[in-house]
Each structure stands twice: as structure tokens, then as C-alpha cells.
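Shared between the two complexes below is chain A, which has chain B as its partner in the first and chain C in the second.
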Partner chain A sequence: MRAERRFVALLALVLGLAACTTSPPLRGTGDLGVVVERAEDSILIVDTTERQAIGRVAGLGDLSHASVVFSRDGRYAFVFGRDGGLSKVDLLTGEIAARVVQAGNSIGGAISQDGRIVAVANYEPGGVRFFRSDDLSPVAEVPSTYGADGARSKVVGIEEIADNRFVFALYDADAIWTVGLEDGAAPEVERFAGVGKLPYDALLTPDGHHYIAGLFGEDGLVVLDLWDEGAAPRRILDGYGKGEEPLPVYKMPHLEGWSVAGDRLYLPAIGRHELLVVDRATFREIDRIPVHSQPVFAIARPDGRQVWVNFAHPDNDVIQVIDVPSGEIVEELRPGPGVLHMEFTPKGEAVWISVRDANRIDIVDTETFETVGSLEAEAPSGIFFTARAHRLGY
Partner chain B sequence: MRAERRFVALLALVLGLAACTTSPPLRGTGDLGVVVERAEDSILIVDTTERQAIGRVAGLGDLSHASVVFSRDGRYAFVFGRDGGLSKVDLLTGEIAARVVQAGNSIGGAISQDGRIVAVANYEPGGVRFFRSDDLSPVAEVPSTYGADGARSKVVGIEEIADNRFVFALYDADAIWTVGLEDGAAPEVERFAGVGKLPYDALLTPDGHHYIAGLFGEDGLVVLDLWDEGAAPRRILDGYGKGEEPLPVYKMPHLEGWSVAGDRLYLPAIGRHELLVVDRATFREIDRIPVHSQPVFAIARPDGRQVWVNFAHPDNDVIQVIDVPSGEIVEELRPGPGVLHMEFTPKGEAVWISVRDANRIDIVDTETFETVGSLEAEAPSGIFFTARAHRLGY
Partner chain C sequence: MPAASWVDRLALGLVIGGVAIAGPAGSAAAAEPSLQRQDELIHLLRHDCGSCHGLTLKGGLGPPLLPDALADQPAESLVAIILDGVPGRPMPPWRGLLPEDEVVWLVGRLQEGIGDAR
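Take a look at the complex of A and B:
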């Protein structure tokens, strides 16, 4: 009997310990990230130190154009699905902590400077909806109503800015709006109309000083100086493709991929086999760099020493690397078919590359250009690391 | 007997669960930081979301001039004590994961771009020692030997740079060296001699492009272009105090506090009641801003919109805030006696301020300048947040 009693006690102890060892081990979140598996409804959770996947989370809806932002502690990923789904994923447990389907068609989102509010930019119905980051409960909505008949515009290019505000563009309304949310008060909206035809995407300079939107309906861009409260948006780079024979556009370049390296911006020229080099202070074109094909992303290594460029179909098996001081292409990589995205580790020693049609992520050393690691993924597209939690406009 | 057996089983289960609930809860590390308690041998672990201390770790030696860097996952703080102690602190458990006393007198350190190597700059014996970040086991040593008689210089201003290298200055040798460590190979050292008299501290520009050292023995500074492999260090701002009546210097300004905001550097002028405004491209002085007293730190908000300045004794109860676009002082705060350091939250919505002689940390909103939180701390000095893990030269 005594032996049996001891056995039962031991069994209970083992069960108790087993119950607690099923909870994930303690770990830091600064070296985590997610990879969007665009053909599935899932993301991979990855570890950039060990260079491996540590989990997969499914049930996130249509991720065909998904983007991701992070909570300020780096523990949670907010995944914006194309179908209007907003999911909060716990990177430590691999569980969905909260999820809402908040619109019919959405294009991306942002998290406020203080981390308390998640904003989603919606196509249908057009506008921006705001949620508490802790439980995704709704906080406010700003419909993108314009004109006399109460139509609502598609909303694109939303970014968080200083003073806990957001900025975004209204595609159909030719407008840029900023919104501030104070506790318990109605959203405070500032509206800039007539900024240019069909703003279709935008970026924030890394210092949060300038918001720059691309115009689908005109040959130019528009910039808003966020530090000058009286300033209206102004047109820049007017006619940057004018007078030259237009090429068919296979894919609109992503403006969030525009890069700022030192005192220059590197912009994919729409429909051309060139990068535009633009002076950051004057927003004037100062150079063009011929590249392999139509650029999609042109992304600076975090120190701005290199710009990495990928290309539209059918040339999307190539990456070119530009050395910023010399302006020369110093490397050409062919990771495989369907290179969709690149994400640098926070200090830039490596870059992770989505090779969609090879169902693979490649990890490349940015000094030697050697492939130092590789992961399997299902049709990977966007790659997002938690260091984005600490930067405005990511 | 059956009841007794059940009781024993239950007891064992409870003990088992109790054992596992004493392990800390899962949490992200992106919103953690440490505060150095300079009069004690301890640091506070703080949470910048809840704005509170969550632990204290003692046994870290002499912290009178301590600095801190972080592992790339944000979980571990490497604390460099003045007495040559190097401690690896686990921010999740509050335990010392590893500790070595590696020299007699040291001034600070850095962590390599890839996070695998921790480097310590030593006064006595002079040189740099390198350790594995996982267990602090020694990897290599570079003695700062110079001249014919084999003397060793004090080493200051160590920073990690791209391509997994380090850069530092040799105070007694008027030199700047860079070091690269390949696995299993001897350290590869590049030496620049005669850079100027007595380099005493240095900073890396946020893009890792330029390393700038202050000279104690001359009226000027020296800059090394890290992107130009053939370049020698060159002198800048020669005679920036020349021809004016020198004031007594109460405290040498910290160069790591020098700030880069947009295309300008803001430097505390040694011994003067001024900030120097320097063009980042040419390194020429373009303006001076009169301030309250002798500046110690001049630190830019992460977006570069504001520069916050504190001052040397006896005026170290004051902080002034400069609005970068206008160059005007827009706020003056008096948090209390002994304002030693300021650290911004990663996206800049708040700043944490050490008020040493009030044994207090104040948390101030950078938009409203209101104090939004306060913590007790024992003679707090340096404040360091884990977002530094993701930036070169922090």
C-alpha cells in the first residue's frame, strides 16, 4: 500500500510538471518575426538568431496581400488580411489571441506611436477603423466620405506618426487625411483635398517628417510636411516619366519599399527599368540607375549602405544590389522564381528573401552575399521582423 | 486509506504546479529596459508599457560609470561596470546568467552586429577583450600597445559597426583602431595613428557611416569615414572654441549623447553654454544655440524633431528642449536635482529622466511635456531600453 501511495503521488507530480512544461519556454521576442504564407491562411513564426521557423499559425483568412505590425513589447503580431480580417497572434504561444473581421476588403494597417490603438485602412466600406490593441475591441471609425453624394473612398497608405496620430490617403477622393484620437473624444480629422489624382500608396520617411504618396492618375508624387502644421501637400517629381516612351506596367511598385539612404531616396520608376535617385531635402531627381527590369521593391539595408531591388514578373527571379556610395550594381542574385519580398535583420547583417514559387525563404549575408540559411514555407510573401515595433511608419 | 492516498496525490500535484508557477510569466521583451543605480551595485528592470519597475538585480559591482548593451533577442542586458565587471542579466528571470571580472578598470562595451560577441574597452590593462555573448567565455584580446616601449593606452568610445567589426579610440596613443573577428582566426586590426591629441569619447552616426571622436588635447574633433576603405581619419571643427574666453569645464560632455537630427548634428560645446549645430554632410559648423549652462547630453527624440539637453553641476536640475525646425528652446523643465540621463521610448512618445538626488525616474510626454509617471530608484544614472538591441552604435 505504501508503495502504491508513493506511485500515485509520483504520478500526480509528473502530471503536474508535464502540465507546466507544455507552456512555452521563456524567451526574448526581439529576434522573432513572421512570414506570410499567401496561398494559405497561415503565417510562419521565425527566429532570426537560430534562422529557423518555430511555429505556424493558421486560420487567418485571405492573406494574398497581407501586412503585419507588432505590439510595442514585440510579443504580438497584428495581421491585416485582404478580406478585412484583423488577427492578433501571440508569437510566444502560437495562438490567436483575438480576431475580428472588421470590413469586406482591406489593404493594411498601422499601430499608434504609444502602441494602444491599431488602425485598419479599408477599401470596402471605405474608411479607417480603430481598435484597442489589447483585445481588438472597437474604438472609433472614420468613414472616408467625400463629395456631394456621400461616396466613400478606398483608403491606402496608412502610417502612424508622432503625437499619436495617423496619416493616410484617399484613393478616389484625391485627398490625404490625418487623424488623432484622444481618450473618449471623437476622432479629430484634418483633411487635405486636391493633392493629386488617385494616390495609390505612400511611405513615411524614417524620421516621420515627410509623408509621400504615389499618384496613379498623374506623372508625379505628392509630399506632406508633417512638421509644418500650416503646410499643404505639395507636388514633387512632376513628369518624371514624361516625354519618354511608356512601357507596359506589370506591377505597381510598392511605395513602402521606397528607401531612404543617407540624404537620398531611391524610388522604383513606374513601368521603367530604372531607380530614381531623389535628393531628400529638395525632392528633386538627381540621378537614375539602370536596373535589370521593372523594380518592385527597392529596400535599403538598415545602415543605408546598400539598396536591394527585386523585379516584376517575368523577371522576378532576380535581385540586384546597389552600393550607395558608388551608385554601382555590385551583386546580382538569382534565388529562384517569384522573389516577392526582402526583410533585413535589424542591424543589417543578413536579409531574408521570399522565393514564392520555390516555397522557400533564403537568408543571405549582406557582406559576402552567401546564402547562410534556408527555410521551407508555403508560397511565402511578406516577411516582417519584430524590430518594426520600434520604428515609426513600419 | 483511499482518502489519504488521494490527499497525498493532490498535495504532490499542488507542489508540482507551485513549482512551475514560480517561473516568471511569458512576456515580450521589446518594452523592457534597465536603470543603473549608480550608488549601489544594482539595476532596476523596467517596463515602458506599464511604466513601472518589475525587478531589481544586485551584485553587479561598481556601477558608477556603467553602461549597458542588449542581446539581439532583447532578453539579456550586458552590464559594463567601472571595475571591469561584465555581467549578463536575464531580464525575464531577474537572475545573473553569467559574470566575469575581466579587467581592473573599464569604461564600456559593445555587442557585435550579429549579436555573438561582446567587446569591452579597458583602461587597465589597456585594450579590448572579446567574449561569447552566450556564456561570456573569452574569445580574443587586442592589447592597445603603442610606441617603442610597449605601453598600453586607455581605450574609449567602442562601437560595433557593419561587417561585424568594432571601432574604438586609444586615448593615450592618439589613435583609432578597427577590429574584425572571424571564427577561429586571430583578430584583424586596422590602425590609424596621429588622429589628434587624446581622443576621449566617440559616437557613431545612426547609419554607421561616420565615427566621430572628441579630442581632449585639441580644440577640434576627428571623423573616420567607415564606408571609404582607403580613407584616413580627418580633423573637423578645428578651433571651434578658439578666440573666445574659455570657461571652466565642470563635466566633459558625453559624446554618445551627441545627436543627429535630420541633416544636422547637435553637439554640446565643451565648457561653453552652447550647442553647436553642424552640417552632417560637410561637418562644418552652421549655427550655435545658446542654452542654460554647460550641456552634458544633447539627445534627439527618435524622430529628430526635438533635442533634449541636460547640464553640468551646479545647473543639473534643468532640462531644455529645442525644437529642431525652428532652433528655438520650446520648453524648460526642472525635474529636480541631479538630472543625469534621458532615454526616449523607441517611437519617442515619452522620455525617461534620471533625477539622481531625488532618487526618482520621471516619465515625461514629449508632446505635452507633462509628467505622466514616476518611479523610485536609488541614485539612478543611465537608462537603457532594449530597442537599442536593434540599432548599430547603441
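Take a look at the complex of A and C:
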């Protein structure tokens, strides 16, 4: 008995020492995130509680339009580079756990509902490639082939949906496809053609019910009801431009699930300096809010009380904040030229803003609009916090 | 062969056709922008044009702008595309934001290549 106790004590001591010498200090990742440094090959790992960078990870390739999704344990960031690079970065150790260059030109990706599959949307060669999230080994490929001559479309707006499937839009093919992957079986693809000209990006509502693609080539959007298996995509907001000549668009808007605030959607109009306010139940326009310039991102605070909007070149030095209950613009911030992205902390008390040309991230209190912190970053663009790990369509 | 869809080709054809009627848009004798302005224009090219064409100009939603990709297009038609945009496509007109001589200078840099776009 005594010998046994002594053994247990010794074992505990040995294990304790091993833990001290090989493991980083224990900490969670729920308040971590990454900032893309678009002109470098690096990301910053940031702590949203301490409001500082805790590491920089380089060697990630061309990140000029990079986006990020997270493993469901919140420990790993999957970074999608413009050059087709897919990197799995350990937020706790700052190491690259796995990396593949899987295409020539990519736009972004998604991670499956069960967290096991990472999907990458590619421009060149057009299509979607699927990888195991643990080691990035390849699982399957769906080329975006359309038409008679075997051309492949650029793929945009990829999102993960229920039943462990993915949905995406084909920019050149005017199509929306969904893909399911059963273990060992060929990908099961459902194709919807003729959805509207030049779908440029898309969003999934946070409940996973509707997939909405923006159309560059037409005066409207298209929605696919994912809860209705027999449903075909249908056009919404047709003619929102009222047949007027669209204004030039110097940066394409981005769509994502953050457009939803309560029972309304806030969508950037194309070629109009307006936000379209849309009823979520009927998809009818209920209001439009004139804004500073061509909106790029319209992002609801997590509670849906405010919508923050940034703008295309040459007006990308401004942010406007819309108060949802009144529909009024209640604040206008001027962080400086090159405001590229905004990301809210998980419960929305602060927003992080990338100011590309100032090489700076600003942290702004969303109630007082005071800047409460800032940190240096090289030409920062996308900001991604780990809270995305647990949301559909982020 | 860089991927230019038939729509791009058609649009380019229309733009070139328009230029042929309107006369050459570019002038070989355009003045060089100041050195500071040249830096600003290259920054604009990489970061703002780059939001569609890629920071390294290898292409994105928009086609690549590397010298090889532009080799079979006369400077005048490239100048016209930048100044007037491509109807029905996302390429916007830059007339009003950029004077013509700066566009002519930018097209020259694109055709010779701006090196590592980092």
C-alpha cells in the first residue's frame, strides 16, 4: 500500500515535470484570432482580451485575398491563400501544423459541419477541393466544369451546410451547386443552372436555412431554400436598381452571414450607394439606407443592434454605423485610408478594424465609439476570431 | 493561355471597336508622373486593382495583368479599358479618378512588369 502510494506520487512528479518542459502554458483559444498581413506571407495571432498580438506566423504564401476558418476545437486556423496555399496553423504554438499548395489561384474555403473536411474554392483550376482537417490529405475534388467545351468556372461563396454538405456559386457559369461527401463514395453533386448572371459572392443565413448569392450581372439576388429539398433557386429583389445606370464598383462587396440583424438582412447594393434592408421571411425590400459610397462589408454586431459598413476605393477611409431600431446612421468614423475589414469580438463589445495604409489595427468600443486600443500590423486585411468556429456560414 | 472568357473577349472587342472609331486613347508622349506619384500609382495598382486582379497581378475574379497575359493587346486598348471600364463586367471606369497620362504610364509598367509585387 505504502509502496503503491509512493509510486503514484513519483508518477505524478514525473508527469508534472514532463508537462512543464514540453507543453505551452495551458490556455483556451476562445478569445484568440488572426489578422492577415496581406502584403506579407504572414498572419498575426491576436488575443482579444489582452488586445495585443501574441505571435506572428510566416511562410503562408500569397495572402493578398486570404480568408480563414477554424477547427471546431478553436485551436487551429485554416488559412486560404490567394496562391492556392492551404495552411493549418496552431494558434497555441504558432507552428504550421500542415500545409499544401492545392491550386494556382483560390478565393476561400469552409469547414464541414462535423469539422472533419476543409473545402477550398478555386479560381484556377476552377472547382472545389476537399481535404481532411487533421492532416490536409486530399479527399475529393469537384471540378466546376460547365458548358460544352469543358470550361471551368471560378468558384465563389462556398459555405458549409447541414447534413455535412457544402454549397457554392459558379461565377462564370451562373450556377449554384451543392456537394455531399460520403466516406469512400464519389462526391454527390446537385446542380442548379441559370440562377442569374455573374454570382460574385454569397451568404448563408446563421440558421443554415437560406443561401443567398449576389449577382453582378443582374439587378437582383438569388436565394436557395436549403430546408426544402425540391426547391429551385429563386430571384429576389429584382430590379432594386430601378433600371438606373449602376455606379462604378471599385471593390466588390462581400456577403456573409453577418448581414442578418434580427429579422432583417442588410445587403450592399451593387452600383448604388445604398444598403438594401430586406425582410428575412419574405425577402422583400422594406427599406434602403443611403450611405457614404459603394458598401463593401455590412456587418451586424453579434446582437444585431448595429450594422457597421465600410466602403470601396476611393472612399475606403470611412466607416458608418447604422442603428438598427431607428435605421439611422448614428456614427461616422474615419480611421484612415484602406479600411478593409471589421471583426466583432464574440459578444460585440468591441470591433477590430484593419487600416491597411496605416499598417494598424484599431479597436473601437461599440457603445462609445472610442478607440480603446490599436496594434501594428503590416498592411492588415482580414481579421478572424475563433468564435467563427461555432457558427454556420462563417 | 490565360483564361479570358468569351464575354471578356467580346467586351474587349467592343472596347477596341469603340477605340477604333473614337481614335487612339493613349498618347506615346504622355508626361511621366512625379516619383512620389509613381509610388502612389504602384500602391493603387497592387492594392486596389489587386483586390480583383490579385496583389501579385496573377488574377483573381478579374483576369491576370502580367506582361505575358497582356502581350497580345495594344497599349491603346488597355488604356481604353482602364479609362472606360468593360460594359457588363465588374471592371469599372477610372476616368475621373485617374488622368489619362497616368493611365498610359501604368499600362507601360504593366506591359514591362512591375517585378515582385510584394
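The rule we apply is simple: the second predicted complex is superposed on the first by the 368 of 394 C-alpha atoms of A that agree within 3 Å, B and C clash if a C-alpha of one lies under 4 Å from a C-alpha of the other, contacts with A are read in each partner's own complex, and residues count from 1 in each chain.
Methods note: a residue touches a chain if its C-beta (ideal position, glycine included) is under 8 Å from a C-beta of that chain, and two chains touch if they have at least 3 such contacts.
All values derive from a computational prediction rather than experimental measurement.
Once chain A of one complex is fitted onto chain A of the other, the partner contacts of A:58 are absent, as it touches neither chain B nor chain C. Of the two partner chains, neither chain B nor chain C is touched by A:372. Residue contacts after overlaying the shared chain place A:263 against chain B, while chain C stays out of touching range.
The wider contact with chain A, measured as residues touched, comes from B rather than the other of chain B and chain C. In the superposition on chain A, contact of A:231 is made with neither chain B nor chain C. When the shared chain is aligned, chain B comes close enough to touch A:30, but chain C does not. In the superposition on chain A, contact of A:154 is made with chain C only, not with chain B.
Looking at the shared chain after the overlay, A:72 reaches chain B, while chain C stays out of its contact range. Judged by the touch definition given at the top, the superposed model places A:189 against neither chain B nor chain C.
Those residues of chain C that touch chain A in the shared complex are 3, 5, 43-44, 46-48, 50-52, 54-56, 58-61, 85, 88-90, 92-93, 97, 118.
Within the complex formed with chain C, the chain A residues making contact are 38-40, 62, 64-65, 82-83, 105, 107, 123-124, 151, 154, 156, 171-172, 198, 200, 216-217, 248-252, 313-314, 338, 356-357, 379. On the chain B side of its complex with chain A, the touching residues are 1, 4-5, 8-17, 19-21, 23-24, 26-32, 48-49, 70-76, 92-93, 113-115, 160, 162-164, 207-209, 227-228, 261-263, 280-281, 302-305, 325, 346-349, 367, 386-387, 389-392.
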